[in-house]
Amino acid sequence: MHDALQEEKVFKDPVHHSIYVQEPTIWKLINTPEFQRLRRIRQLGTSYLTFHGAEHSRFSHSLGVYEITRKIISQFERNRYVDWPQEEKLLSLCASLLHDVGHGPFSHSLEQIFGTDHELWTAEIILGDTEVNRVLREVEPEFPNKVAAVIRKKYEKPIVVSLVSSQLDADRMDYLLRDAYFTGVNYGTFDLDRILRVLRPYQGNIVVKESGMHAVEDYLMSRYQMYWQIYFHPVTRSSEIVLRQIFHRAGHLFRTGFRFRFMLPPLHALLEGNLTLSHYLKLDEAMAQTAFGQWVDEDDELLSDLCRRFLNRQLYKYAPLSPEDSGWLEEVSKEWLRIGLQPEYHLEVDTPIDSPYDIYKPGALPDGKEKPPILLLGEQDRLTEISMKSDIIQSIAGLHRGKYYVYYPEDLVRPHAHRLSPETRNKLSI
Amino acid sequence: MHDALQEEKVFKDPVHHSIYVQEPTIWKLINTPEFQRLRRIRQLGTSYLTFHGAEHSRFSHSLGVYEITRKIISQFERNRYVDWPQEEKLLSLCASLLHDVGHGPFSHSLEQIFGTDHELWTAEIILGDTEVNRVLREVEPEFPNKVAAVIRKKYEKPIVVSLVSSQLDADRMDYLLRDAYFTGVNYGTFDLDRILRVLRPYQGNIVVKESGMHAVEDYLMSRYQMYWQIYFHPVTRSSEIVLRQIFHRAGHLFRTGFRFRFMLPPLHALLEGNLTLSHYLKLDEAMAQTAFGQWVDEDDELLSDLCRRFLNRQLYKYAPLSPEDSGWLEEVSKEWLRIGLQPEYHLEVDTPIDSPYDIYKPGALPDGKEKPPILLLGEQDRLTEISMKSDIIQSIAGLHRGKYYVYYPEDLVRPHAHRLSPETRNKLSI
Amino acid sequence: MHDALQEEKVFKDPVHHSIYVQEPTIWKLINTPEFQRLRRIRQLGTSYLTFHGAEHSRFSHSLGVYEITRKIISQFERNRYVDWPQEEKLLSLCASLLHDVGHGPFSHSLEQIFGTDHELWTAEIILGDTEVNRVLREVEPEFPNKVAAVIRKKYEKPIVVSLVSSQLDADRMDYLLRDAYFTGVNYGTFDLDRILRVLRPYQGNIVVKESGMHAVEDYLMSRYQMYWQIYFHPVTRSSEIVLRQIFHRAGHLFRTGFRFRFMLPPLHALLEGNLTLSHYLKLDEAMAQTAFGQWVDEDDELLSDLCRRFLNRQLYKYAPLSPEDSGWLEEVSKEWLRIGLQPEYHLEVDTPIDSPYDIYKPGALPDGKEKPPILLLGEQDRLTEISMKSDIIQSIAGLHRGKYYVYYPEDLVRPHAHRLSPETRNKLSI
Amino acid sequence: MHDALQEEKVFKDPVHHSIYVQEPTIWKLINTPEFQRLRRIRQLGTSYLTFHGAEHSRFSHSLGVYEITRKIISQFERNRYVDWPQEEKLLSLCASLLHDVGHGPFSHSLEQIFGTDHELWTAEIILGDTEVNRVLREVEPEFPNKVAAVIRKKYEKPIVVSLVSSQLDADRMDYLLRDAYFTGVNYGTFDLDRILRVLRPYQGNIVVKESGMHAVEDYLMSRYQMYWQIYFHPVTRSSEIVLRQIFHRAGHLFRTGFRFRFMLPPLHALLEGNLTLSHYLKLDEAMAQTAFGQWVDEDDELLSDLCRRFLNRQLYKYAPLSPEDSGWLEEVSKEWLRIGLQPEYHLEVDTPIDSPYDIYKPGALPDGKEKPPILLLGEQDRLTEISMKSDIIQSIAGLHRGKYYVYYPEDLVRPHAHRLSPETRNKLSI
């Protein structure tokens, strides 16, 4: 198994049909405990509570990103584009496979509460005392550093970085297609073959042939639809809020000396704020759910209630907010206290600004955090930023008008409805 | 939420596109903790270790069985077939939704080791002190008993039973399509609309119009392909063996007084053999996986090794066996002991006879355990058992020629290869 | 066959899976010679020369429009919307089935050259001495007039008109899905079920529930993509130009007394400008192609060459034009004459303004020719024109920036390349 | 266009997504008039009268066969199988592209009536004075002969022949997938990628790796389903009968000196039995349909009626026959005469033995006409004929139990129903 691959390995994949592995290094990386652990982290966090098909893992997504990267490079090679640095193939494949290896359970929620950072963990898994590191070092001693540099967008050749991480990268292409497949919607689909065919390396970047402008529009519109229909679905946001509140409450209890009946070392380290790599690697969604199942029986009523809500999908209700509602929200806080609820846990306003997603940004910000724009390669090798040519893209480039909602536990509020103001009753339709 | 449904509820489903809920009882059942728990039980057990897409849960399958049942009944109603007892609609829908509600984590493996029986648990959930029971009793006091009777195939009207449980039932139709979708193969697909159109109620049974014979052939061939390609895949069998060995070892340790560092009440009850309903409901796959993660650090080397194998997908290897190999297998047992392995845990022969699946059986066995045959309704309302008319079905009806494999931990064997007999080295290609 | 339908008729359809016919009138209409004739008219004219799968006929499209209309009405009925006039069901179904019955071969090209109008022919088929008329009159004597009125958008109840003909009508929904299916692209697909679910009748119109805004955006983006990728593909335009030139030349020859070796009465009537209904009904694409095959052997070299080009797919080449090229185009005309070509036939500038397609227009023009805008039904039953709420739709609403191309027979030009100006050689890449 | 290909050409195809052309010879062949003519010949003859989507042409099928052949060879090359003669790539591709180039309109019907043979015409197109021949000769003077030899199964290397023509060839794989796609059924689909992966060249043949047995079963079952559901659909047979009767009648009239008002040289040559290649190439389905449209107005009532039936889809009705019905059939003939019908034209018994299709035959017949069996390559390179290992295939290998039907013009018979015997009325349900 750990010898050189005598024959191609093939994974059956619902999105790409087949995923082909030729290099022994890739095969060995897939078989490391750190990579297998991604089977226990869902790709879409709590979205399965809204779309029951969305139970797919980061394991399958990571294989998919690898496969798309493999296909892009294969196209570059078939066309013998001189701007593609052929010697970087294995590096690109490894980086694409491992780009998400540091994700923890319900990553975004956890990061908000505890300040963990999956990108740092990714680096630590690649550079630390792990099987992944050992497999990479077999290639050459410097190889782990290179892979980490690509994922951190610090590698010296930006073209390698942009394969894995740009506004038109293998990561996004796979997750749009995969999330659409597993949720069962069809608006996330776009023509992957067509996109792959119009990419080409050019002067250290990956650009789009001008004839591919409509293909990119199609891809960005899929992003737009998935953004609003799936990633930002208010029921999903509600489940994330409940999840965050669980960690928020557990953290508060821990800091105030609460004695948990059920605790495991990785959770303890998480709450204490001193996670080691070995703890982090044990912290998967199975453990989180098991803890919630046990915490239902803890003496803290609030923690128990939140855990029960999450497991039984008795989420917070939501109501739309308009900008003028900020005054009213302050009132609601007071009303909540009056009826015995805790606004800190029982009232949350969700703003799309929290979102880790954006559709498209034409310009890079000075802090270097932004991804470079998508460039069209036109006649006489002229490069143009795509929103200069596409009205569609221009119209969505700046879009971030999200809807605001207020979330709250309706079942706890309703018995006290008669004590609420008419405005509150009206806005919450109680 | 718990009032009557003012408007139809719609679930987005990758297999059926949409799943429609009109009855408040169905809506309430879906929202019970017992039904929501099915989100934490995978539909295909360990198959996700072979086909990485197969991470779907019994929750989505149960909704799918409900939806197919709803469609069949809707067809019966549209055609105003007098042989369909219209008053049994809600009963049929509830039974189809709940038929799998008693499944535990990795059901088949657990049942083999501990003798639990998911059908008994289903009955207990329906009849016991649960939310499911409360929702059903709202319909009428006797309703839980009726639902349980349908699922136990004891209900007085066999036509209701056969909707949920027969050789052409909503359960099988959904799991074939769903498992094919999530694994990403296309040989499990058949034309559901076409099958639904040829079913009709007739004298207390559901029969197939003669023009639908080829449609049924197509459906049975899908079963046949899924059986060999997915359900019986040797890698999946290998992962089930490792899983069974974990429980086997844990049970042995428990009985011999081993002190587990990590234990939870439901697991303790499972090992002790006195599970209560409340424990059983907590026992989901998240808990099993969390236990395995902790047991990696137990002092028993064998248990630790098995758990590590399961989590990191370092499964047992397999080699094909022929009927003449029984003598050799006895020798191998001795060789295993010689090199320090325990045949009880490190050597397992898997026979397809263990399988919970069959393709089609034309006749019911006298013990009443068998499902009744599929009947074609021909001219002059003559009924014929389908394999009398279809050569294809006749040819697969008796098929159960499975392949035999021997499974073993190759990595533990290989270092001692020089101490094995040439025959063993040859058969295991070591 | 012509009795009342004892059981539902089902057509297998690649786009809608099944098409259901319950009313005898619909069944009889489908079986009239006038409707069956649509099998000999391609839905996408010459597009099959660009996308070889696009060989589907107006017959299948017409069935599809009928089926979508049936589904919309069925949804209205299930929801018991009081604003839907139930008595208009059969009228709506007939109008949707027949809305394209007057199309002739390569309609748009023919209409440009000979001024025929498929809408007039549709009316004549419905009102004239035809089987279609006889079937409709069986319903009631005024029924043909009603059907014609709906198709001509003059029917007294605009809600019936808008089912068949609006910016979100059954016609467009079917052709987008169907043309995408047969060409094999996936950017024309949108979620039909989702669109159908958000439509509702309201005060004499069909409006969209506000929650359906993104669904409509998705549908309009599909239109946008199909427009640029399929309907306006320059190779398709080139084949239309060659086709138009055939008719243009044949008309010229006819008017100047040319003696055709091959002529058939319907073609003669077409060229003479006095087509009767009976001639028109014989004029299908098979006849046009047969004529072209024969005209290859006519004595007029130009006609022969054009026919040969069309049949053998040796189309005109194209080169992009910019607004500044108008001066150069005049020069090219002169150059063409110099090398013995006829600019009238050998040089054509194609502008998208000719297009029968648009994406979306928010306002109706005063001449009443425009289709009414799409309205969102929001809270408190407030209606809003959709582009007021959707930035995406606003951005595409005004779009008609098409690309200009010049088309010419490269094979006739190339041998004279040395006699062309450098600018011409450069622009045409010769 | 006729220079060497600077970049890969890509055709959008609904079945294979993309079809890739790299060799200039292939590109030039596609652009010959003889190959373009296949756009005017439907792949499934009259099946579009049963399944309205089945309007696809032999042009798209021929491209598909080419593409599958290309993929098989590419797999052989990637795996560097020594048994594959690499120098035969272009020959294989050309033969696969051209294997159907000699098909005429409604081939099978025409061949039955006039004894034409599309295989002879294919050879003549390849070897005669055609563009196809000129393109092939550019490769080398002997190349046309080689291509013709492959198609005639006489080429010296049987492995090249079996790519294009065997029981598991590119031709069948494409038509099953394509016909399923365009008719809209899903039982013709099988996993093409999986089949391609298990093929390998071995000692002058293409064999199947033993692990691929179930994949071949799946493919053969698709054939079986398509055979009964599509190719042998009685409505399609009815339309073929009407078509054959048209040619039968026209031939009879021609031989008895009837003066046709409408006639074209290729039709004349067909009826006279002295078709030249140039006539044959003009004889497409457009011409046949145009002739039928004109012949509706001929003075022969029978011919006129048959043409009208075909164009308006007023086909013959059918009733099932059992082996005991032969006596009755003789009686019906007499009854037909009694009521003024002509049994020669108005009564036809269709037997599946006419079928050009078979599912699978394990043995080659001595006359060499049969295709060689499918061989499995097992351990120690042992070859086994597949039905020896697969019960499924064994059960379908001998199957040819077709249904017999009698076809007749019900509308002409019904007015005389009272003059028919009770048995006839009963059997025909009149």
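In order of appearance the chains are A, B, C and D, and numbering begins at 1 in each one.
Keep this in mind: a contact is a pair of C-beta atoms (placed from the backbone, for glycine too) under 8 Å apart; a residue touches a chain by one contact, two chains touch by 3 or more.
In this text, all values refer to a predicted model and were calculated from it rather than measured experimentally.
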{"item": "More contacts between chains, A-B or B-C", "value": "A-B"}
{"item": "Chain of greatest Cα-centre distance to chain B", "value": "C"}
{"item": "Distance from chain B to chain A - Cα centre to Cα centre, in angstrom", "value": "32"}
{"item": "Distance from chain D to chain B - Cα centre to Cα centre, in angstrom", "value": "43"}
{"item": "Centre-of-Cα separation between chain C and chain B, whole angstrom", "value": "51"}
{"item": "Residues within chain D bordering two or more other chains", "value": "17, 185"}
{"item": "Touching residues on chain A, where the partner in the complex is chain C", "value": "185-187, 189-191, 214, 217-218, 221, 224-225, 228-229, 391-392, 394-396, 399, 401"}
{"item": "Residues of chain C defined as touching chain B within the complex", "value": "10, 17-18, 79, 193, 197"}
{"item": "Of all residues in chain D, those that touch chain C in their complex", "value": "11-15, 17, 31-33, 36-37, 39-40, 48-49, 51-53, 55-57, 59-60, 63, 181-185, 262, 264, 282, 284-287, 289-290, 293-294, 308, 311-314"}
